[in-house]
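Here come two complexes built around chain A, the first alongside chain B, the second alongside chain C.
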Partner chain A sequence: MAIDQRKVAVFAGAFVLRLVLVFLFPSLPDLLTGRVEVSTPVNSFKRLQEGLFLYTRNVSPYDGGVFHQAPLLLPLFALLPDVTQYPLPTALFFFGVDLVNAYALSTISDSGQSVKSRLHSAMRKHIRWDGASVAAWFLFNPFTIATCLARSTSVFTTSGILFAVSNAVEGNSINAMLAIGFASYLSLYPALLFVPVLLLCYDFHAEKSKQSLNTTVFVLQHTAIFLGSLTGLLAISCLITGNFWEFMSATYGFHLLVPDLTPNVGLWWYFFIEMFDSFRAFFLGVFWLHLASYAGGLTFRLRRQPLFIVSSLLGVFAIFKPYPSISDASLYLALLPLYRHLFPLMRYTFFAISALLYSSLLGPAFYHLWIYAGSGNANFFYAITLVWSLGLSILLADFLFAGLRDEWEQDHPEAQGKEVKQV
Partner chain B sequence: MSDVPFILALQPRTSHGLGAQTKLRHEVMTVLSLFSLLWACIVFLWSAPAFASSDYHEQLFLQPFPQSSLLASFNFRSNTSQASFDNQHFRYFPRALGQILQHANTKELHLRFTTGRWDADSWGPRPWNGSKEGGTGVELWAWIDAPNDDEAFAKWITLTQSLSGLFCASLNFVDSTKTTRPVVSFEPTGDHPESSNLHLLHGALPGEVVCTENLTPFLKLLPCKGKTGISTLFDGHKLFDAAWQSMSVDVRPICTRQGDCTIQIEQTVDMVLDIERSKRPRSNPIPRPVPNEQLVCDTSKPYNSEDTCYPLEKVTEKDWSLSEVFGRPLNGICPLADSDGSAEYPVCIRVPHERGIFYTEGTKEFKLDDGFTRCFDLDPSKPFDLAIPEQPINIQAPLDEPILHAERTIVGHGQERGGMRIIFENPSPTAAVDFIYFESLPWFLRPYIHTLQATITGRDGLRREIPASDLVSETIFRPAIDRERGTQLELALSVPAASTVTLTYDFEKAILRYTEYPPDANRGFNVAPAVIRILNGVDSSPIYIRSTSLLLPLPTPDFSMPYNVIILTSTVIALGFGTIFNILVRRVVLVEEAEALGSQTIKGRILGKVLALRGKFGRKETKVE
Partner chain C sequence: MSATQGDVKSLQAQDAPDAPKSVKRAPPPETSQAIYTRFKVIAAFWAVIIFLGFPIWWKTTSIYRAHLPIQDMLEWANGKTCRPVFPLEIHLMTPTMQLPESQHLLRTTQHALDDLNEFAAHHLRLKLVNDSSALNVEQREKASGTDAEEADIALTVRVLSQDDLPAPRSYLHAETTQLDIFYPPNQAPIPSSSNPPLSVFIAQELQQLYWEEKATIAHVLSGETGNLDSISPQLAESISRRFRRSMKYADTYHLSFSLFTPGSAPSSWDIEAAVQEYLAPLLNEFASISNFTIDTQVQLYASFSPMAPSPVFEETEAAWTLQKEDLSAFINAAEWPLNPSIGSGPTLNFILYVPSPSQSPLVVKENHASSWIVPQWGGVFLLNPPLSSDSTNPSHLSKDSLRPAFMTFSHQLLTLLGTPTTPSSLPLRLQALVRVRAASLLLSASSTMGSLARLTESLPSIPIPATVASSVSDTLSHLSAACTHMKHGRFSAALANARIAEIEAERSFFEKSMVGQVYFPDEHKIAVYLPLLGPIGVPLIVGLMKELKRIVATLKARRANAA
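Let's turn to the complex of A and B:
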């Protein structure tokens, strides 16, 4: 296989850029680690260090209110040298994870699954970016760079999701199930991506295999692999921590019950600060149900484009999950260029991008006014998170519309380029 | 952002006076049957000799400090035998407290009410080596006999609720988040049988304001109840006006080798009064400038003139008397106090022997051999007063140097994160100090213990950063769980001779639910003082130092707009949900098809009918015309 020179240039460029940033601004990683937009209670590197400190001293890190990340991260990071004295190995490790993620993304792009799948073939196939461009879009996105430098552990979830998808589009359905199991193990919400990834695998096998595929056996097989991988990971975690319920409640219980209301870019924190105590449990249920409802709705309606379901769901997660950070937004934005052919069909791009730019610039400023300057109050930052969520949901809705329009045009080739309406 | 201000009124708010409501809850009602009455009589007869071991002592110790301060240290101590305590035969031991202790299975109790700050630089080491002192506010620790942790905690809650009623303090707010179980910071001072399963629980309320309402029940526990004896000097106005004051109640069992046990209750009140301030009459409490003719000016100053004066420091010690400083004379001696045979005099004062002292007639003065202390044996029938005239300072009673100076502050700015800085200074040129540093932090202060760093400044005055493990020999750390328990940190440290050690660590401030903030949310939250236990040898009693309490400002949400937030967030969610599902469930059609389709729906049909009707009427109208 010939080495794609453009791809190598992109990867090397991204690596050098990160290295230069770390060397020119040595305090930048710690600064970004402390930013609420980047680090949430479930992916903060500082909390991981605290957990690691307790873990290496034989104190259970889950018997406390600080550490809520998956137990497997502990032995992994215990192998790396102490970050306060040697920050470079950890930084290089995170750079590597970023590059690996970008590689998975370019594999997805090169498979062409986004424009032509078993049940769907886009009308504007020729408008496309190649894998190197998609990887570059991901690697040079400031949100991705910030996440990487802040050493946020959500990059591992991103890896899990991207590898699940890249393996699914290449037909390695077992690996795909293992990867989605790993992602779900790390942060719970990727479990909602199980069905779309399963559809991706199914479509690939149904297209390739000569004789018809037994659907029931296929689904059962893959569900078993997914559950098996989850059980395996949980069993290893149990061996590491020694107390099953303690770590379950400190990690997944924490995701589900949202007890820590540290500000982030999402919609949950301020809502639950201001919520009346008697309604807290009710609205927790409503919010989770709301998040889960998208998985069903999108899967039904977009059955013909499983990869599109995955991308749209990642967009939904970036807006509506309990502890979102800009790393979730960066993952969603990374998947958009796979659908370069839909860009001409989008209607509110300017508005959505303006809202996102506006909120990413004003967010830190308003946070400073609230927390440090004291000249603003919590509403300042809250308002910006609303704008951010609004911008993302406009982008998401517009993108969905474009996807559905494209699907409709495949059935009505004569209507290409004409005015349409939804009834 | 618009505001909905009335929501504050809906909040259930609590005040510290509320603790009194629980007062009546734990009163024990016993109904004696005939049999038990008989039994009680037998027990009474059998245990009657035990009264012989009941005794009561009280003593007042006065020590003037430089800069016109006066330490007054009151001590009240009584013993009762274990048998009469168990049978509820209370003589000097207060019944109210005794029954609470029995009900809560509490074997040893220490309760402290403290306000102000001990100025170790001017006043030297603390009275009673700090062992009768608490952190600012209320501090309580007790050894409870219980088979397991849960039952011990249940008994502890019983104890705090009952004491809350007894002392009119908010001790009922000592819940699981404010309770810790120190491992090495406290040792029982009493003698407990090996077999008992004791649990130490510790709670602190740094925000509690100690006041007269706590003094009154404290006095009621005394046998003479503030009517006679040294306790007559307690006046809430003077006591709580002191620069520093600490009230303590300690109950502990003391056993002999033979196994005869007595229960000892010791109550102390220590206060440092500013003599100048205390001498102001209550009718005219406003300080006034010294009249010009009484000013002693530094004439060597070039600007010294008729109307410009640089006041010189006084070379004489202030005159004062008991009745001036405390507002009243001492009313005789408590007739219940044992005066026979014991070497304890009711009033002692530590001033140089050459210092002149006037006292009431009929009082006997004893000068002790140390050259500074003298004691007085009072005439029980007469009120006692003691006066010290103004006199030039020739010699002063020496003050010892404290073994360790400790200071704790919050550093950093902003409401998001901060750091804790603890400075230990060992003044001794030769000996290192080993001690235990105990800190209990509220759960909303999240320490990052991996950031613990130490710097040391040695004799050479150079600051060096060293690994914290070089100084800390043992760490006991129990991280906080949100809304369940606070952080507990115990460090066994050693500070080398003539060095200053600074420990720092980072912490994060949690943002709370808006109902969890007190009404004065922007004042900040109190963090309990750190307790330092100095270990200087095995046999000697431990020395305790407490840091000041800290005020922690937390980020606050906007309290006035929960409705607005619920509405705005819901709107954004509804907008996202509505748009996405609208796109998902609708069909895509061409614009021209949409018009044709429109006529087939119910709405289209009705609209068509209406249009047709309007057409008909319109034609009719034209016909009429």
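Let's turn to the complex of A and C:
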């Protein structure tokens, strides 16, 4: 059981590292919680505490206009001891969630779905990392550590997505649908992943089952499970908050209408600060449709590699969703090592990684200049978020190129390793 | 963005770099499956655009323009719908005359009046009233205020005979709307005479009473007094001066009474009782014209502005004096907390200044006045209270000591609100103000309607919310109601309607969602749409064009094959 030992070492190491950070720098979690790069209005732990305070005093948690997260988080966190007096249990809980996410990742990696699916088999199968390495890549990523220490609630969405995928590649399609339903319930945008996850499930079952699968029945079944899980979660939320429309408008309405323009690493806030009021509604529609339109196109183009669709869409979300944070980027980066075999085909990794490093170092500095020192203005920080998005876009585009090249080489085995040109 | 679209990509193999580059090889033919995939990808993007994008674009950028009665609005603005007229009903009582004599007097007086009148819009109509008790008249007057059908009684003229009078004489009651005419019995009108001197006298008296009001209304209606030849330049000047000094009409005025003193005393005043006793009756009379809110303040250690010249002691007067031309610097606007406006309406400031004992008494040098008016702003009163034995100001100002100040403030308030200065009867002056305000509100609401109509016609891109349309229809209905009331001499009702019309007109004109887009021409929309939609749109459109070309080519090829 050598692999298991490595995995245990990775998990234990990640756990100890987080523990050490918390004990060496006791103020670090609170500092990170207040950073705009980590905490957005829809995943901030501070806002969660505000909602929790109202909830435990039997006031509607959405009354203050501060809390915009799913109501199911409230009873969950009400079980944990008060974070201001005993921060450790909450921290340990978040460490646990991180480890569980890493476990899901290693499961996905071990399934080998990334190199060989029903309709596709990569040309460079031999170049790959095992589950322990993929988990280590995720767990020791500074972005993941920062998200975990900041106790951002987007880790639950991450869990939902990763478990949906890991269950799908293992054939537990019902669990996969429930998990994607849970993720969509928490953050709305994972609903766009429904089709690729469904494809993953379908491919698994189509490969395993002897007789041909009835596609329509399969799709209807799984859609029903997905919608059922969503309905169930919404019903429970309704029981918790009491007022259905208030909670819908405070959570999903908030995601859709983007009323809070607190700076974050995304592209929306600055654009909507500058937008004429009368065009605000129109451009909200444009931005959301832009985000959503990738789902259809990528799904058709990459039909043969459903997991690759999921990864690419997560990259698109990390760039173009309304309230992105570094946790979204960390999720996308966590899926990249599954495609270790594509790394040789990528062309701009140096440039993309430089841009990401550059912006993650300069971003906090420019934010400080703008907000605290007063010697800069909003454009400073916005410029850096543009660079960040540019870096991610290059990475995403390069990654897509590599994936397509790999697919093309499978169709044209004679051209493997040759120079190619896009026409 | 285009790089993420795997759809427009196909890959072409080339030789290794060491091979000669001149040798061009055609790309390997695309499989039909790849072509089909590309078609699906492009279709997916365009499906989102067509089925979601265009409806959202249509829904969020369409401009709601409620229907406005443009023609009606313009006609109101041009004065075609309503010419304001002022038929004043005057009751004539002749307790000492026989009925035929009275009727003759009425007829001849009306004749004389019509001869004197040169301003057709404003005319006086006499009406004989038989029951002659003055008490009854007042009751009737009250009753007619509530009765919508009867015209307001502008004035009651009582013609009484009095012995030992050389010539007719008139007496105007200051507190009521009553004019008494006394005539020597020998001048009693004889039915045969066509132009009895008594009639002429009454007509002249009436003309005198309404002279300033007529001039004012003519000024309001035409913007100048030029169309009345007989108005003296002095009167015209005084009217336009009154317009300059008085506040613009507002539905609600805010009255702010402030006690300023440079020392520590007086530190309190009986302001509530004083306002209640001296001012409240006047404000009640004004209730039909405007509403009032009141606040008060006491400011101790209020020093003069360092720029203002300090008072000079005048030996001959035994008083400290202020130069008339320095009065404008008297108010220390920088340091005295005098808010320009509290709440919605404009603020009228009334300042009671108690000078320090070392500078008391303080008066204006030229005319020893202790008060003056600040045009369109308020009034100042210098109160010099009797000093106590140790030569300090009293620490409290009683209601009685405030009396002169409040009498002055009342007068200043009347002036600031634009009340005509003649005649001497306050009720008559207020009535005149009612008519003047009704006329000016009618005109201003009408012209606002006209502006709104022109605005909406000249800017087809601004939205017109339903609230604006309802405000406009409210305005128009109240305007026509005001016009009808005016025609029948019911001026209080006309004013009430005109006030609502004005409020609604202002509301519709200054509707926020409409004004926001006034300065947003169509050309700017390119600048709004293009920066984002251009980069997104170009690859999508190019992809669509290529695909359509391919489909057309395939169809042609198929047809050629078939042929």
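As a working rule, the second predicted complex is superposed on the first by the 420 of 423 C-alpha atoms of A that agree within 3 Å, B and C clash if a C-alpha of one lies under 4 Å from a C-alpha of the other, contacts with A are read in each partner's own complex, and residues count from 1 in each chain.
Here, a residue touches a chain if its C-beta (ideal position, glycine included) is under 8 Å from a C-beta of that chain, and two chains touch if they have at least 3 such contacts.
A quick note: this is a predicted structure, and the numbers were derived from the prediction, not measured.
Quick check on the superposition: with chain A as the shared anchor, is it clash or fit for chain B versus chain C?
clash
A:53 contacts which: chain B (first), chain C (second), both, neither?
The answer is first: A:53 touches chain B but not chain C.
According to the stated criteria, A:281 is in contact with first (chain B), second (chain C), both, or neither; which is it?
It touches chain C, and chain B stays clear.
After superposition on the shared chain, which partner residues are touched by A:92: those of chain B (first), chain C (second), both, or neither?
A:92 sits against neither chain B nor chain C.
Can A:400 be said to touch chain B (first), chain C (second), both, or neither?
Both: A:400 reaches chain B and chain C.
Between chain B (first) and chain C (second), which, if any, makes contact with A:256: first, second, both or neither?
Touch partners of A:256: none, neither chain B nor chain C.
Let me test your reading of the model: by the given contact rule, A:64 touches which partner, first (chain B), second (chain C), both or neither?
Touch partner of A:64: chain B, not chain C.
With both complexes overlaid on chain A, does A:297 touch chain B (first), chain C (second), both or neither?
Touch partners of A:297: chain B and chain C.
Which partner, chain B or chain C, touches the larger number of chain A residues?
Touching more residues of chain A than the other partner does is B.
Touch check for A:408: first (chain B), second (chain C), both, or neither?
A:408: touches chain B and chain C.
Is A:370 in contact with chain B, with chain C, with both, or with neither (first, second, both, neither)?
first
Out of 328-336, 418-426, 436-444 or 508-516, where does chain C collide with chain B after the chain A superposition?
For chain C, the clashing option is 328-336.
Would you tell me the residues on chain A in contact with chain B in one complex that are also in contact with chain C in the other?
Dual-contact residues (chain A): 271, 276-277, 290, 293-294, 297-298, 301, 316, 393, 396-397, 400-401, 404-405, 408, 415, 418-423.
For the complex, which residues does chain B have touching chain A?
Touching chain A: residues 1, 413-417, 443, 446, 448-450, 477-483, 508, 510-515, 555-558, 561-562, 565-566, 568-569, 572-573, 575-577, 579-591, 594, 597-598 of chain B.
Per the contact definition, I'd like the list of chain A residues that touch chain C in the complex.
Against chain C, the touching part of chain A is residues 271, 276-279, 281-286, 289-290, 292-294, 296-303, 312, 316, 393, 396-397, 400-401, 404-405, 408, 411-412, 415, 418-423.
Where on chain A is chain B touching in the complex?
For this pair, the touching residues of chain A are 34, 36, 46, 49-50, 52-54, 59, 63-66, 259-263, 267, 269-277, 290, 293-294, 297-298, 301, 316, 319-320, 370-372, 377-379, 382-383, 386, 389-390, 393-394, 396-397, 400-401, 404-405, 408, 415, 418-423.
Touching residues of chain C toward chain A in the complex: what are they?
It is residues 1, 3-7, 9-17, 27-28, 31, 37-38, 40-41, 44-45, 47-49, 52-53, 56-57, 59-61, 516-517, 520, 528, 532-533, 536 of chain C that touch chain A.
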